[in-house]
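Input: one structure, supplied below.
A, B, C, D, E and F label the chains in the order they appear, each numbered from 1.
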Amino acid sequence: MVSQQVSLRAHVVLEALPYIRKFYGKTIVIKYGGAAQIDLNLAKEFARDVVLLKYVGMNPVIVHGGGPEITRFMEKMGKKSEFVNGVRVTDAETVEMAEMVLSGKISKSIVSMINHAGGRAVSLSGKDGNLILAKRLRGGRKDMGFVGQITGINPAIIESLDKSGFIPVISSIAAGEEAESLNINADEAASAIAVALKAIKLIYLTDVDGIQDKDGELLARLSLSDTKALIRKKVIVGGMLPKAKCCMEAVANGVMSAHVIDGRIMHSVLLELFTDTGIGTMIKPGITPHAQV
Amino acid sequence: MVSQQVSLRAHVVLEALPYIRKFYGKTIVIKYGGAAQIDLNLAKEFARDVVLLKYVGMNPVIVHGGGPEITRFMEKMGKKSEFVNGVRVTDAETVEMAEMVLSGKISKSIVSMINHAGGRAVSLSGKDGNLILAKRLRGGRKDMGFVGQITGINPAIIESLDKSGFIPVISSIAAGEEAESLNINADEAASAIAVALKAIKLIYLTDVDGIQDKDGELLARLSLSDTKALIRKKVIVGGMLPKAKCCMEAVANGVMSAHVIDGRIMHSVLLELFTDTGIGTMIKPGITPHAQV
Amino acid sequence: MVSQQVSLRAHVVLEALPYIRKFYGKTIVIKYGGAAQIDLNLAKEFARDVVLLKYVGMNPVIVHGGGPEITRFMEKMGKKSEFVNGVRVTDAETVEMAEMVLSGKISKSIVSMINHAGGRAVSLSGKDGNLILAKRLRGGRKDMGFVGQITGINPAIIESLDKSGFIPVISSIAAGEEAESLNINADEAASAIAVALKAIKLIYLTDVDGIQDKDGELLARLSLSDTKALIRKKVIVGGMLPKAKCCMEAVANGVMSAHVIDGRIMHSVLLELFTDTGIGTMIKPGITPHAQV
Amino acid sequence: MVSQQVSLRAHVVLEALPYIRKFYGKTIVIKYGGAAQIDLNLAKEFARDVVLLKYVGMNPVIVHGGGPEITRFMEKMGKKSEFVNGVRVTDAETVEMAEMVLSGKISKSIVSMINHAGGRAVSLSGKDGNLILAKRLRGGRKDMGFVGQITGINPAIIESLDKSGFIPVISSIAAGEEAESLNINADEAASAIAVALKAIKLIYLTDVDGIQDKDGELLARLSLSDTKALIRKKVIVGGMLPKAKCCMEAVANGVMSAHVIDGRIMHSVLLELFTDTGIGTMIKPGITPHAQV
Amino acid sequence: MVSQQVSLRAHVVLEALPYIRKFYGKTIVIKYGGAAQIDLNLAKEFARDVVLLKYVGMNPVIVHGGGPEITRFMEKMGKKSEFVNGVRVTDAETVEMAEMVLSGKISKSIVSMINHAGGRAVSLSGKDGNLILAKRLRGGRKDMGFVGQITGINPAIIESLDKSGFIPVISSIAAGEEAESLNINADEAASAIAVALKAIKLIYLTDVDGIQDKDGELLARLSLSDTKALIRKKVIVGGMLPKAKCCMEAVANGVMSAHVIDGRIMHSVLLELFTDTGIGTMIKPGITPHAQV
Amino acid sequence: MVSQQVSLRAHVVLEALPYIRKFYGKTIVIKYGGAAQIDLNLAKEFARDVVLLKYVGMNPVIVHGGGPEITRFMEKMGKKSEFVNGVRVTDAETVEMAEMVLSGKISKSIVSMINHAGGRAVSLSGKDGNLILAKRLRGGRKDMGFVGQITGINPAIIESLDKSGFIPVISSIAAGEEAESLNINADEAASAIAVALKAIKLIYLTDVDGIQDKDGELLARLSLSDTKALIRKKVIVGGMLPKAKCCMEAVANGVMSAHVIDGRIMHSVLLELFTDTGIGTMIKPGITPHAQV
């Protein structure tokens, strides 16, 4: 006699079928960060989630930053971090430290966790295979130093890894015009990569439920025009504002949907992909006649 | 806030990961029959199970018979069925009726159900692409007519379908030496096909728990030598005897394991593939020093 | 010394060369039926003809119906056939019987004959790989039941078989919107398949010389506009009318020529393909300034 | 009504089917020479035969010499030909003349005829792609000059042409160790190429019926041991001796059969390939217990 | 201690890198002729240059004529050459001689030299694989005989050889409409082949520095419009005129640049390809506002 | 007129041809280190050398360590380095620092330089794609911490990059059994990777001329047995001993030759590859009867 619990299991696995079919062979870009990256348990489960996606036929691509860890590391090295409008002022020493933390520590530890969960991950920075090209931000009042603005994506290295069954893990360092390292915004990198790869989905793992209205209510579904209106009306502000803009940028350029979800929930990526309603906020193309706001 | 139930779902899906990894790209031959075929609900869920296997990277191959339905059809046509040692005496008219029922009705309805569940199935008889070659059984006291003994498998047609993403559904009719239709035993066909395809698993869906000992206790794991001993000691008898022999034949010729499971349980195939203990009886190669019997 | 007869043989074989060159790698859809299907000798030779076409580099695709045999079978089962405007009223039981006869008997016996002649045929119904999609005919005064109107062709399964060297044999059953079996017209199926496969030729094997004028003279070559005029002037009537329409449909949608030929002649398909004048009636695209009628 | 003559034609074409099947995808090396090369009508029909073979799926490879034409050309140039044991004494000027005649005239005119018959031929000498490597014959009493003994075959160029649908036409000039041109025996070249290409058949077109016994009776089938005996008993002598040795060499090294046939008969190659008995003499491997001699 | 000379060597090799990168995978058509062909030392070094190009990833294609050698050969055969406007009057005997010299002697000796230098060359005339199609020049006052005007290029044979790593060496004989040999201008053949192959460069090896102005000064860079003006102003005259026209034809049809260089200089092709300024005259597309003339 | 200097250049480029031919399509593993890595000019030229190798058809694979820089970095972080028999005692913090320096700084800066020179490099650690598997060294008197001994190489990721035209740059960090980072010896990693990739050459860039005898004379060519003897006789000692052992290990397992060369010489890799004598010491397989020592 088979126990009821075991039988339930088969039933649940089967419920994933329509979603597996829907995303088969498609690319999903996940901007990884926040609690899901810091909390060891969440991180381990995230790695398993990513391996599952790969095995059921999707091409997950992980993009990550690591601001807080860079700050901590700089402190250890006796160097003070300075920010202008949320962007780190990045001298030569700073970009070197950032690269070491991002590419030498965080990326590699994500690779370790995915490999330990049974996948085969490969870490890349934007310099590898000239994946992310950028030019230095100039013209502001303050010289921001080695901070880059993305000017192009060469997806060949990702396509090559995908075809051979590897999972790319990408840190937010770009190659400047003189092949120098430039610090770039990881959210923007994820958006640009999703566009270049013609991804079906771009998912931001954050430490909030999603995008909320003024009363703190979750806005589950937004059109491009909704989102624009929300920004104009200053409903979307603060840390959520650049993420919302990255979502819009991606969706306006061919990504089928962009998502801001709560990485503090265990398996949040699976919940987004494998349930009808998904979780968090989804931004889709098009104009909603009766906008939610 | 994500409900606990939804979160559980992601957790369960993830538990399938090690099994998905294990069977990725492997061929699973399933002999379909009994309640799982007759009960419409079980049949529909079986079709969904098969589609799931295909999507998560396995190559399921379905083999079926249809004795009871042939008998019913013959009755309708006013023709009596005659059996010798459980084998149907098969004159020219009978084999034509059998082929019509198996290839023209049962196979096609399995295809319909799989396609409706989102897969792309293709029905084959052993005549298509000369998949199953047989010669007429001769030499008994009674001329059994158009009853065949399998002499060879040409797996090219299955391999071609697999490569293009189709799911083969095979009825137990073979091509005789003069290209005539021969009725063959579906259990034997499944075993021979599993061997020819170098399948990792051969699964028999039946209407019992599995192979049982004299006290009716399920024998969950048997080695080849165990099974031989059980047959010699007449523990395995009746309808289970030929199935046990087919399992032995497959395992002795390279199939990694053969299974007799209870098709009356919903999703029995998933339970067998996606749990550690599996269900029913598993026959594996090797000699067990302290046989269970 | 080589006999004159043998030498003649080589000479004749060589005369086929220009035609072999012309049709090399091209798809030829043949609607098989009538005497060529019923007469055992004609049927055997037809099978050899098809194998020859495959070996000299063409891709023959066989489509068949089987109305008379369905009627006979229904009679045997004690069921009366009812027709409205030549279309069989098809209740659930009838479509099941039709499918058994078409897919379980006729298709398989064509496969047997082709395989016996040295080819490797595979039988398909429109349900296999969702090859032929249809919806139920509705809106007439009488509910025709499970009769379908073709809505789409998925040629993937045929292309996959072609590439692997198999010869597809297709019976006129389609998959309805709920994956149910629908009876469809075989002539229409052949035409739709020829269009989907971008066939160079569509050939109807019939029991007449071809399309004739009012005096019973064969019309050897017709343009689309000729054919239209002949239909308007009621020269083409009766059983030839739907065939003529299927030819027009195919030629109007890219098939290079459609043919109505006499299947009662031994090797009629070879004669059509391997002689300059061909046999029977050929319908080609374009407008004939001085129409023959 | 189809005329009886036309109907016969289809019948004859069909009779070629078993042979087409048998040689499908196989390589046939034909040593071309004698009347079949000199007589314009025979030559044109030979070209058509070769194109037919290509279209029905074989890979014909043509090897030719051209001794008489070289002699004529040398005479025209006021140069006398000198032979030792049937081998042309070949000084620098002679080998240059031989190459011009073989590669610049004969090969190209065969290519022209094949292309005119609808094929796509490419002429090669043994120097192209280092197809035939040879070393100079030394050690005899007389310095034979630029006469080569085959030391190796590089079949890459032929395989590349075959794959792209071209028909190679090869003249009997080899590349010496210093890349100099060497005159080689065309019969030996054909044999060595047949072995290197794993050809199924090697056919010598000659001006006799085949190999004959002492009474001038044709020996239709010979085993390797038969042939050896016939040579020992001096039944095979004169011009036939080297050809017989080349046949033996090929058959002893994996070619399925070697043939000496009468090129004076129109379509002799087709007669050999497309009839059961073939024509001329066939040498096959194995020992015949009751040798014919 | 490494000697300075050796170290210099590495340095120089490295300087070729930017050029290797630039021409990687690109096709370079070289019209070979003049001193580079006649002088044995220059010829040997040319062969090594060609092999180098192949190894560093380019696809060199050699086209050659051989007028002077044909004239010499005809004299030897006691046949007088006659020219009208620089074009050889070519009767049947003449074209046969031309083909023998071009395809049977010159082409093969180039192949020998390239193979000896470590490459794998294959000689082709325009008849092989119907590479160069032409029709007979007619309508002039004088019947020029077997002289052809190019009507089409079938690059399939070259592409097939390129893919397999062979270097094509092409003689200026074309296939006429009846597959007869036609004598064509080698400069025109090179230009037409460069266009058909979408070559990046077309290089003419000549016995002059390049195209010169009225004072005998080399014109190093010319636009299409420059060249047109120079022709109109009769600066480009005599033997340079047809070459200039061939360059213009190529560049106007997609070849990136055409070059007239001095083949008397050792390694002139390498100097053209591997230095910034190149040598000789380069003709590029576009209009030069301030033309040099 | 072409200057003599330019002409010399072409001549020198051409002299590289035999070496280009010899190493075409072959894998060359280069252990990068010492002055060639530290001196910016040498490093830039090394990057250009590597790009050249890639363009002329070789597959260069770069392996590097970075001990001195790790030590410097640890000092900066206020952590003292401790060595036992030349191996760094590596606690958790140390391996993290080592990984950051190796993978996050050194690897990326090599990638930058190669990309700036026109190549497309990708940095990998042994964790990426599980390239280098290791287990912790245990059993010594002192717990060395996160120091690994190589247990396996998975070359799939390198092969995938090679096929797509990327140049792999590998840092000496391995994946432990729990996917943890382990510090490994870069010389050993290079040797193991050369074996796994079936490399034709393994080259160690060092700060000495090569392996020397007791009088400080360079030993230019050594057999395996020579090297063994030199080690036994304590001629090879100190820092050269482990390198010599790595060379022996590689050559004994199929690498064609291993080299210890002087990275202080500009373009030392090109000098080794592109000259007959090479530079430094070459160790080849086989036994030298009269060993040099």
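As a working rule, contacts are C-beta pairs under 8 Å (C-beta built on N, C-alpha and C of every residue); 3 or more make two chains touch, one makes a residue touch a chain.
Since the model is a prediction, treat every value here as computed from it, not as a measurement.
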item	value
Shared interface partners, meaning chains that touch subunit A and subunit D	none
Centroid spacing, where centroids are CA-atom means, of subunit C and subunit E in whole angstrom	55
Centroid spacing, where centroids are CA-atom means, of subunit E and subunit F in whole angstrom	45
Topology of the chain contact graph, where touching chains are joined (line, ring, star, complete, other)	ring
Ring walk, subunit C to subunit D and onward	C, D, E, F, A, B
Subunit B - residues contacting subunit A, complex	1-2, 6-18, 20-21, 24, 45, 48-49, 51-52, 55-57, 118, 209, 262, 265-268, 270-271, 274-275, 279
Contact set on subunit F toward subunit A in their complex	76-77, 96, 99-105, 108, 111-113, 115-116, 120-125, 127-130, 156-157, 160-161, 163-164, 166, 173, 175, 178-181
